[in-house]
Every structure is written in C-alpha cells, then in structure tokens.
Amino acid sequence: MTDTQYPDNRITRENSALVLVDHQLGLILGVHDQDQEQLRRNVVSLAGFATAYDIPVVITTSADDGPNGDLLPELSRLLPDATLIRRPGEIDAFDNQDFEAAIRATGRSHLIIAGISTDVCVTFAALSAISRGYHAHAVLDASGTWSALASQSAAARMQTAGVVLNSTVAVAAELQRDWRNPGGAELAAVFSDSALPFYGSLVSFATR
Amino acid sequence: MTDTQYPDNRITRENSALVLVDHQLGLILGVHDQDQEQLRRNVVSLAGFATAYDIPVVITTSADDGPNGDLLPELSRLLPDATLIRRPGEIDAFDNQDFEAAIRATGRSHLIIAGISTDVCVTFAALSAISRGYHAHAVLDASGTWSALASQSAAARMQTAGVVLNSTVAVAAELQRDWRNPGGAELAAVFSDSALPFYGSLVSFATR
Amino acid sequence: MTDTQYPDNRITRENSALVLVDHQLGLILGVHDQDQEQLRRNVVSLAGFATAYDIPVVITTSADDGPNGDLLPELSRLLPDATLIRRPGEIDAFDNQDFEAAIRATGRSHLIIAGISTDVCVTFAALSAISRGYHAHAVLDASGTWSALASQSAAARMQTAGVVLNSTVAVAAELQRDWRNPGGAELAAVFSDSALPFYGSLVSFATR
Amino acid sequence: MTDTQYPDNRITRENSALVLVDHQLGLILGVHDQDQEQLRRNVVSLAGFATAYDIPVVITTSADDGPNGDLLPELSRLLPDATLIRRPGEIDAFDNQDFEAAIRATGRSHLIIAGISTDVCVTFAALSAISRGYHAHAVLDASGTWSALASQSAAARMQTAGVVLNSTVAVAAELQRDWRNPGGAELAAVFSDSALPFYGSLVSFATR
Amino acid sequence: MTDTQYPDNRITRENSALVLVDHQLGLILGVHDQDQEQLRRNVVSLAGFATAYDIPVVITTSADDGPNGDLLPELSRLLPDATLIRRPGEIDAFDNQDFEAAIRATGRSHLIIAGISTDVCVTFAALSAISRGYHAHAVLDASGTWSALASQSAAARMQTAGVVLNSTVAVAAELQRDWRNPGGAELAAVFSDSALPFYGSLVSFATR
Amino acid sequence: MTDTQYPDNRITRENSALVLVDHQLGLILGVHDQDQEQLRRNVVSLAGFATAYDIPVVITTSADDGPNGDLLPELSRLLPDATLIRRPGEIDAFDNQDFEAAIRATGRSHLIIAGISTDVCVTFAALSAISRGYHAHAVLDASGTWSALASQSAAARMQTAGVVLNSTVAVAAELQRDWRNPGGAELAAVFSDSALPFYGSLVSFATR
Amino acid sequence: MTDTQYPDNRITRENSALVLVDHQLGLILGVHDQDQEQLRRNVVSLAGFATAYDIPVVITTSADDGPNGDLLPELSRLLPDATLIRRPGEIDAFDNQDFEAAIRATGRSHLIIAGISTDVCVTFAALSAISRGYHAHAVLDASGTWSALASQSAAARMQTAGVVLNSTVAVAAELQRDWRNPGGAELAAVFSDSALPFYGSLVSFATR
Amino acid sequence: MTDTQYPDNRITRENSALVLVDHQLGLILGVHDQDQEQLRRNVVSLAGFATAYDIPVVITTSADDGPNGDLLPELSRLLPDATLIRRPGEIDAFDNQDFEAAIRATGRSHLIIAGISTDVCVTFAALSAISRGYHAHAVLDASGTWSALASQSAAARMQTAGVVLNSTVAVAAELQRDWRNPGGAELAAVFSDSALPFYGSLVSFATR
C-alpha cells in the first residue's frame, strides 16, 4: 500500500498545511450557524492533529487590536511554533504578502482552511488558494458564520469553485489513514478531549 | 497588489452594480425561510454598502400599487438617487426594457442581486443576467421566500446555472477588500448598525 | 419581447406539461420533510395553474387499490380531464408504456414533475425523462418524502443529473411571465386560495 | 421493457453489491445528524432488501474490539452469510486488501454504501470506489455523523466526486423496479417493519 | 350516564359559548408561535363545531377598518348568525359594554375563548371572564401570537389565574362526549376538512 | 426500608394499574408532538414493564372498526391477558361503564395512563380518574397528539388538576425502585430493546 | 368604565413602574433563548411605552465598567431622565439600597421587570419584589438568558412565586387599555418601529 | 444587609449542600434534551462553585461497574474530598441509608440537586428531599434526560411538588450574592472556563 494510490484531492501528512484564519475572541461571539463551543472544540482539535502529524501551520488574524479581538488563547497555547501573520487590514489573507509567503514557505500543495467567518475569511482564502494553484479543503465545522443562509451560500460558492468541503474528524482520519500509523494514540486523545467527547466515554468503557 | 489578480468571479467597486428586486412591504410578510427582520437589516446593509462604495444601484418593484405593497420605505430613504423601475407586470425584471436599459447604463459587468422572493424575482433576474453575459451574485440572506424547500430549490437552480451564491457580509468584505481602503469606517458603521449588531457591542468594548 | 429570448431551461405555457406522480392518500401520511398540509396546498396550486394556463396534465398513481391509497380527491375534482395512468406495479412511471405514451402525446418538451415520494417517484421519473431527452423540472415543495436526509439526497441526485429544482410559486410565475398576460387573475386567485394564503390577506387589504 | 434502457447511474439487482461500513455499537452513540433509531431501522432495512434481492453484501468493521464497539448485532443476525472484513486499522476500507478483494469478488459494478460516519468511512470508501472505476451510491439516511455541518460537507464532497447520493427507500425501489417482480412481498414487509413504519399501518387498513 | 357527573371545569353543549377575539386578516400575518395556516384551520374548525352543536357564538374585532384588518372572511361565511361586536378601541373585550352584554345574553357559564394575539386579546378576555365569575377555556392552538416567549408567558399567566388551557380537538371531543350523540357525523366532517386532515385520509381508507 | 415511607403521589407495583387508551393504528398517524416511532417504543416499553411487575392492565380502544384503526398489534401480542374494552362511542373512557368496572376491578388506587391523543383521551381519562378519587399519572412520552400547542395545553390542564406528569422510564424506575428487586433483569431488557436503545449498546460494552 | 373594575394583578399607568435590569452590551452577547435582536427591539419598545405613558423607570446595571459592558446605548438615549443605579457588586438589585430607595420613590405598587439574564437578574429582582410586597410582572421576551433550560427553570420558579409572566406587547396593551386613550398614536408608532415590525407594513397598507 | 432578609426558598453558602446524582459516563450518552457537552460544562461549573464557596458535596452513582459507567472523571478530579456514595441498586438515592446519612451529616437545609436523568434520579431525590423536610433546588441545565417530553414531565412534576427549578448560573449567583464577597474571582473564572464561555471573551476584551 503506497500513497501513490491516493488521487490528488486527498490530503496527507506530506502534502498538507493547516491554515487558521481569524479565529478571534470577538468574531466568535457572532457565530450562529453552529454551537460556538463546538466550533471552538473543533478548531482546537485541528491544532491537536497538526501537532500529532507535524504539519506546518499558518495562523492569521485580522486587526486583532480592534473589535475582532485576540486570537483564541488556546490556539496560541497549543501551537506556539506556528507562523502567525497579523494582517493590518487585508480581508482576503492572500492579499497580505507575508501570508502568501508563509504559505509558500510551507512547501505544501494542499491547504486545510478553517476560520471565522466561513463566508468571508474562509471563502476568500480558499478561492484565492485555488486560483494560485493550491488544493483547498474548507473545514466547515471548524469555521462559523452569522446565519444559516450565509453558511449555505459560502458552501455552495466554494463547492462550485473546486474547494473540497470537509469536516474536522474527516481531516484527521484522512491524515491518519491507518490507526496503526504513528499518531494513532494522539488522534484518539484529541477525539476524546475535544473533537468527539462521546468517544472518550467509549474509551473509558472499552479499557476498564 | 493590483485588482488584476482577481479572477472574474470576484466583485469589486469598479465592476459591480447592486440590483434590488421587489423588496416590498407586502411581499416581505410572506417570507418564512429566514427571520423577516434579519432580511430587512441585510438589505438595508446592502444599501449602506452601495453608498459607501459609490456603486450604482437599480431598484425595481412589481405592481407596487397592488397587494405586493410599496418599496420598503428605508430603501427609498437610504438610496434617494437609485434608479427605480416600477414594473407594471413583468415578473422577470429583464423582461422590462427600462430595467434592462438601466442595468446596461450602469456599465457594470457584475450584478449583485437580492430580492423577494428568492425563487422567483431573484432567480429569474439572475438567470436572465447570466444569459445576457453578466456575472450574477445572488445574496441569499438579503433575499427571502415562502418556505425552506422553495429556498433550497432556488439555491440549487442558481448554483447550477453559474450564479454565485453570496451573503450580505461577504459582499461588503469583497468590495472593501482591505479595511484601510476608503469606506472602512462606513463599513464598520453599517456592520454595527444593521448587518452584524453584535459587532457594535464589540466596537464599544474595544474603544472604551 | 418574444419567447425566443428564453433559454431552453425555462418553462413556458407552450413547452410544458404537468406530471403528478403518486399524490395518494396513504403515501402523504408518511411525509416528514415538510408540513403535509403545505404540500397538499402546493399540489392543488399546481393543478390550478395548469388549468389557468391550459397545460396538459398527466396524473399517475401506483397500486391505488392497496396501501398507497386513492389519488388525493381534490386532484380528481380539479383536473377532471387530465390523463390518469393507474400503474399496476411499475415504480418508475416511465417503465409503464401507457404513461410514456401519455407523456409523448402531450407533445411537450418540458416536464414539470411533482410527487410522493421525492426520492423515489419524482427522482425516477425525472431521471428517466432526462434520459429520454425531455427537460425536467422537479417541484420540491409540491413533493414530499420520509425524512430530511432522504429529501436532501434526492435533491442532490437530481441536481447532478440536470434536473432543474423548482418551487410551486416559481413554476407559476415562470408560466405567467407577465401579470398582464392572460391567466393573471386566475394566478392571483390560486395564490390567495392555496399557494400563498398570506397573499389573500394582502389582496383584501389592497382592495378595500 | 429491458434493463438495457437503464442508464448506468441506476442500480439493479444484477449490478449491485451492498457495502456496510462501521455500523458499530460505539460509533452509533455519537451520531447527531439524524435520529439514531431511524438510522438503525434504515440499515436494518438495507439488510432486508439485500436478502430479498439476493445481492452480495460486504460488511466491514474498524477496530471492533476497541471503543468503536461490535457490529450492530441485528446485522450479524440478518446477514449471517455476508462477507465480514474486520479491519485492524485502515480507515478507508479500500486500504484493506481483504476488503478490496471481497468487493472485487462480488463481481458487481455498483456499490451501495452506508456507514458510520458519513464524512469518514462512507466518504472515503465512496471516493476510493469511484477512483477504482466503480459506481458508488451513498445511502445518506442509513449513515450518520457527528453534526449537521459534518454531514453537509460530506454530502457536497461526494456529490462533486460523482457519488450518487441516495436514500434507503429509493435504493429498495430502484432494485425492485416493479412491485410485481419477485421480492415485492418481501419489500412490503421490510417497509412495514423497519423502513417506513407508517406503511405497516396502511397495510393493516388496506387489508381488513 | 348524566352530565351531573361532570365536574364544573368541563364544557358541555349546554353550558358553553364560543368567543372569537380578533381573528383578523392583518393580525394573523404577525403570528409566529405556530403555522398561520394551522391556526386558520383550527379557528374554522371551532366555527364548525359551534354550528354542529348549536352553541352561541360571540365574535369581536378590534378597529377592523385599520391595520388590524377585516375578520377572516371564512368566519363570516361559516357563522352568519353569530353576534359580532366591532370594538372601536377597547383592547380587553370585556371593557366593551356591548360585548359584555352579548356574553351575558348567551346565558352560558363557560366561555371557550380563542383569538389573536394569545398574550393580549385572549389573555385579557380570559382573565376578565374569570374575574366576572365565568369559567374560561383558552384554546391555544386556535390562537396565535408574535413569538414563542410571548406564547409561553401568556399560557403561564392564564394557567395561574385559573383559565383552563385547551386545544381545538379537545374542545370538540368534550362537547361531543360520545360519537353516537347528535353531531358525530358533523364532527367527523370537520375533523377531515380542517382540524385533522390526516383523519380524512383515514376515513377514506376505512370506507372503501 | 418499607414502602410506607413513600408519600402517596408515588406509584408502586402494589398500588398501580396501567391504562392504555386508544393506541390505535390510525390515530398514531396524526401524532406530531413527538416522533411516532419513539412513542411506539415507549408504549411497548410500558407493556413490558407491566408484565415484568405483574401489574393489571386495562386497554381500551375507540371505534376500532372505523378510521381510528385497530389496536397497535404489538400491544395485543405483548399483553394477551389484559382486559380490553372496545368503546363504541364514548370519548372519555370513564363514560363507558365496562371500562369503569374494569378499572375498579383492578383494586388499584394509582392509574398510569397513556394514550392517543394526549389532549383528548389521556386528559379526559386522567381528569375523570381524579374526580373519582384515583391518583393519576399521565405518561407524556408514551402518548401523542396533533401539535406542540395541543400537547402544551393538555400538560398544563392536567398539571393544574392534580395529575402527575410522568415519563416512560421514570414510571419503570419508580416501580422497580431497586435494581436488585425482582424484575431488574426484565427492566434492563426492556430498556435495551425499546425504551432506551442506547442502553443496549452500553450493556454490550459493559459485558464483553 | 373605571379602573376599579381591574383586579390587582393588572398593571395600569398609575400603578406601575418599569424596571430594566442589566441590559448591558456584554451580557446580551450570551443570550441564546431567543434572537438577540428581537430582545433588543423588545426592551427598546418597553422604553417607548414608558415614555408614552409617563411611567417612572428605574434602570440598573451591574459592574458596567467590567466585562458586563455598558448599558445598551439606545436605552440611555431613549430614557434620559430615568433613574440609573450602577450597582458595584450586588447581583439581586434589591440588595442595593439605592435601588430599593429608587423603587420606593416611584410610589408604584406594580413592577414591570425585564433584564439579562432572566434566571439571575430578573428572577432575583422579581422574587425580592414579591417578598417586599410589590406585584411583579416579568417580561420574558424583553429578557434573555443562556439556554432554553435556564429560561424554562426561571419561568417556572417565578410562576410558582407569584410573579406574573408577561410579554412586551401585552404590557403595552394593558397600559393602553383602549386605543382611544392618550398614547394610542405613540403605541402604534412603537409597534411599527420596534415591537411588531409587521404592524408597520399593515399601517402602510391601511393608510394609502 | 443581613441574610435574614432572604426568604427561605433562597439558597446561601451557609444553608446549602450540592448533590450530584448519577453523572456517569454511560448515562450521559443517552441525554437528548440538551447538548451533552453543555450539560457536562454545567455540572463541572457546579463543582467549581461548590469549591469556591466551600459547600458540602455529596456525590452518588448507581451501579457504576455496569452499563451506567463510571462517574465523569472530571468530577472526581475537581471534588476529591466530596462524599461519594456508590449505590448498589437503589434508584431513589434517599432509599440508600448511607446517602441519607451523608446528606444529614452536611447539616444543611437546602439541597441543590443535579443528575442524570432528570426524570428519574433528580426527580426522585428531589421529591424525597421535600418529603423529608429539605428545601430542594433542581438544576435543570446541569441535568439531562432522554427526550423533550421526559424533560417537560419531570419539570412539571417537581414544580408541583414544591421543588424550585433552577439553573447553573443562577445557583452560583445566588450563592455569591455580591461580586465583592469572597469567591467573586473564582466565580468569574468558572464562568469563563465552563459555565459561560462567552464571558471569557468579554473578560479578555475588558482587561486588555
């Protein structure tokens, strides 16, 4: 079994970078297309997966000294070595040259993108990634936006443009590929701690 | 950074016109795929963005002396200089030659369309725009219709036909592009006042 | 303004037939993706539109002497002259040669299809219509099925296959095209009576 | 009427195999995009249909001695002769060579896939099936996942990749094709017992 | 079996009057605690029951030449002989002396009250009825109001004050008491036509 | 520990009878305040508990040769020895003298009542039970009615009248009182099979 | 018609004061039992009613220089003359002696209380008001809290304690009592502008 | 300000004990009347409050070596000194003499009770507490049960029996009484960490 069997819309540990856009303390207070705490657990899980699989991470914030607020503190804590690009004004992260350079510096072809809001920061970054030749995966459940209709419009726009719509757990499973590969124990821990809390209960049952 | 980097499914201040179709006092009373007041705040926000970015606006109403009712009065107030086409009977706005001429007169290639109902006035105008060579963006959350299934069918039909599905806040962000560009302060004000009221609370926190 | 401007994914009075599949008294009791009474009002509205625009109607039922139940009695009442094909066992209506002949006899190129259930009778008829060279419009809100996920899967399958997803009111508006065309008064009456009851209240306000 | 009329995105008794992925006692406890019992009734129904139509079945589980839990016991009971592949670690079932061989051994071109979770096990198996030249039908309502957004992202990803989204009842109806074909009585029994319990009440009414 | 067994919080044909408060074409457009058409079917059903059981009916409207709109036209049609009190300004119907006299003239001790809105017209009339010594039954599902919280507050206030909370079908069943009593056929017809449309399907099944 | 400690609003195996009112195949098709299958599992569970605890059961149906339909067949199967009173017309079961006699013959003071519909058959039976000196427990989740507002009104009316509102699982737990008492194994089986299917999964985990 | 007819659980312009507790910019961001903007429109409406009826208003905030945030700015603007008590730490407003004095200074016996959160600031103030001999009305839809269960528990606790649960529109209607009394025009304006926006559309229809 | 002003349905640090009933890893997997993670955060918050206010805590589990599962591990971690009563079979905790003794040993008159499930363990403990002369507060949002109707029945039963329905945040606020009292900083920390995560964002804004 070799990775060459994998068609190119799949992500692997070798071809992917994680891009977190504007997960900020102010912006999350306006999220209404899913539970805010579930979103928070999902982005924390993405951070955990990136660490487990040693995948490059680029974090960016927008005007974080203003109403958008600081980066979620748990992300700083979990990803101390991630590249952080504080954008002074550009809304599409790719309009910021430092961001674009940071992405290029990862050397990866597939960008796993999550952010707030889905219809602005995620969609713009994903569309720009596609137009620059990257593969883009948008993680819907680690992103959030202001209403169901805004969420639906963003999903359709990205789907049409060739962005793969994805979910937190599926991203992890695709990177892990086989539970016996390195990272399996870390994956189970992140599932139990944040991505799938019910899984923690099952682990407890299965191991007593 | 120049706008020539932008692929043509993006909207800019230079290439876009705003088209508001049948936001009338009677029709809004039948909207059930989203909160009627949220819809109202969103179309008011579009009006605010168009003013901030000096984008041409074409407003049209259908049989506004009958049960459909008058144009929402806040739109008349906010957009006193917009071209207003009162259609006597045509349901697809492009079937009205004055409307088509008004659109042509804007000289813009990208039409940002919202209206009531999503499945009739918005869909018909967007499909006709596409067939006449325009790019069309349908703003789902500044539009409304009678039921969830009617909303879903309209979204799918437009997606298939090449209409970009979009949201109020994403339209503004795409036109603003960088918070430091002209219009940033106006954008923040419209966010706080109508598009994203929670943002107003954040501004208040951030500035005290 | 001539109809030749209309691209061929649009329906007109001249190119369309209405196809009602298995709106039966038993089957409607299992509908859970929308309100059963709203579905009933919508299919009654389609019957009213077909009468107003003098469009051929083909009705078909499946095993109506068994648990599926009789055709909704209001449809028999409203459409006494429609062709009725009582299928003894074929689930895809196009597998019944009388049905296929009845469709061919309408001489129409565009089939407006509604039925119960969306994922079986509507989807199968629409896919078969497409594969025989017809244009197919599936009226989601005049159809119904057993669950939200069944509804979603049917919509996606039909969208991919080239079926236009449509709604009751949009079908009527597309056929009417201009309120001043013949049929406008009948359209308003059907809106008030069944498709959009709120519209009846508005008519009452506007005319006193 | 011959089956050669059927375009190749349709499933038949002759061209299809049923693939059940990770319907395990632990995993089902985390399903939140539909009622867990409805999911359970739907997968039981698929098992009933496969028996009625004598279609090959491949069942696979993932790490079933750990937190994922045992295969749902009703599936073992209903499908004693199905091929069962217990995957020790591979998340994409096609990464397991025994599974791939079992699928190949069915000699079928169309795979009807359901599982838990929709965004991981179903999506991965369906994408891999497509890339190996199979037709893939994903049965959304006999599958389940952790949240609405995860469900939505999986559906969009599969739709884009050419997987047919399908439902439990539509799968059965497509295989039965005509109620008078062999299997009609078994189909009605499965509808009444698990897929569509309201249908059982109708049968009782219709037969007294 | 005599009615003297019935404790006095029960309604009978002999002790009850029906009171319909402000079911007006304008007001119903603001109802959001239940489906507007279901409300409409329920109040029409109450009218049908009152006719079947020959119970006195008092209808009242509030400022019906203004924005509240005319009485629902089907109520005028169904109840041509009901006493109609058009209140020029009083919000609590009992503040209008003609209304109070009309109620007194019925000679009944139990008032079955429905109206729009639940929290204003129904609650005020019911509280005033209680304070004047009447028994009051508020029919929640033949009434409506602006939001779920307004509905909840009204129900709690009335419950505390001794108003019996009731439903359309339960009112009919309590008045009918035995299907073999006079009115049974009329009751079944109203159930089928408006109160419980699914019941019409069952009748059709049971009688073929 | 003796039962004399229990205040009299508690049910015990010694003081209780189970009363099932109008769980009929037709009526259940109109239930919309909860999932129809969940209701069905709950009433089946009550039957299982009554058997486990050897509690007298009185079942009654209303006009079961008409549209209301036959008693749910699983209840006949599970409770072959229950007293069955087929009411020819009385809506309040206590208006039927055979029913009243059957209740009296149980010699029990506490009636555990469930039925369809909550607002009619359950409420009337419970109110009449109270007025005849019985304690009444209404099992909301083993009952069902036509809408949320009908359900809410029935609950409030019964609460005010002194009926204890209860749930399927709480009834069982109150009768079992201690898992080590006789019936514990049967209780666990009913939980796993119908009342709480997730519990079956837990049992499987706990016992492997 | 004199007010002496009114039993004492009714509010009048003469007997009432409006008490707004902790409607602060930070706290409103955590409200999840209703739409935050609807809550905002409702409390603004209460301010409008108090002005129209010249009712004393006491506003209080809690630690408004900390995370709770400033008073909603529209309340300061609309009620410049209201007594404002900035509580440095007391959670139950009546624990603050200035607040208690301000309430006493109004000379009113009935307190109309709204606030954030329903289960803390509103419930505590209402319970303390009752224990000090005031009548208390809690306006549920001009209040908000963190979850549906928190909202439900607060409503039940207040109902039991003798607090009248009320709604924004019902408060206004009770104070207005007759549309012809002074304040009717102001009431209609507040309805149209904030409390019931659909009413504004009706006014527009009725007056053209 | 003295506590003697507080009527006895209020809880204080001096008069209260916290009672956690059956928050076990298996049982929480069946909770469907609220988000399972929100429930988990709420019971963790109660543990934090009890620590901050030095309130006695009695924890009890039911058959925790069987399918119900172990106590939630975070509760063991947070409350190492709490009395833990592992009930071998009694469902009503007060039927266990060790539990009753542990409660008596706290010397407190007011019991703050939360647990799984609301309708069984919480209701039984609360009713038994009341019948033994304790005041009982049931914390609805730190408890959970199997369905909305089960939740509703439990709330009504407890309300009628004199149990105060309460919420996590209100319990804390009632115990804290004044933010300047000891425990204020701990309270804010628990709000930010678990009870009200949005509050943490506000704290971050307010303190930068």
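Letters A, B, C, D, E, F, G and H name the chains as they come in the text, with residue numbers starting at 1 for each one.
As a convention for this text, a residue touches a chain if its C-beta (ideal position, glycine included) is under 8 Å from a C-beta of that chain, and two chains touch if they have at least 3 such contacts.
Every value quoted in this text rests on a predicted model; they were computed, and no experiment measured them.
**Student:** Which option, B-H, D-E or B-G, should count as the same interface as C-E once over half of the contact pairs match?
**Tutor:** The C-E interface is reproduced by B-G.
**Student:** Which chain's C-alpha centroid is most distant from that of chain H?
**Tutor:** C
**Student:** Go through F-H and B-G and name the pair with more C-beta contacts between its chains.
**Tutor:** By the number of C-beta pairs in contact, the winner is F-H.
**Student:** What whole-number Å value describes the gap between the mean CA coordinates of chain A and chain E?
**Tutor:** That gives a centre separation of 55 Å.
**Student:** Distance-wise, how many Å sit between the C-alpha centres of chain A and chain D, to the nearest whole number?
**Tutor:** Each chain's C-alpha centroid was found; their separation is 30 Å.
**Student:** So how far apart, in whole Å, are chain A and chain F when each is placed at the average of its C-alpha atoms?
**Tutor:** Their C-alpha centroids are separated by 50 Å.
**Student:** Just the number, please: Cα centre separation of chain D and chain F in whole Å.
**Tutor:** So the centre of chain D lies 36 Å away from the centre of chain F.
**Student:** Could you check chain H for residues that touch two or more other chains and list them?
**Tutor:** Counting only residues that touch two or more other chains, chain H contributes 26, 29, 38, 69, 159, 198, 201-202, 205-206.
**Student:** Can you check the complex and tell me which residues of chain H touch chain B?
**Tutor:** Interface residues on chain H, with respect to chain B: 202, 205-206.
**Student:** If we count contacts the way the header does, which residues on chain B are in touch with chain C in the complex?
**Tutor:** Interface residues on chain B, with respect to chain C: 26, 29-30, 62-63, 66-69, 88-92, 95, 97, 117, 119-120, 123-124, 127, 131, 145-150, 152-154, 156-157, 159-161.
**Student:** Which residues of chain H touch chain A in their complex?
**Tutor:** It is residues 25-26, 28-29, 35-38, 40-41, 69-70, 73, 197-198, 201, 204-205, 208 of chain H that touch chain A.
**Student:** If we count contacts the way the header does, which residues on chain D are in touch with chain C in the complex?
**Tutor:** 1, 7, 9-10, 33-34, 38, 138-141, 151, 155, 159, 164-170, 173-174, 176-181, 184, 188, 196, 198-199, 201-203, 205-206
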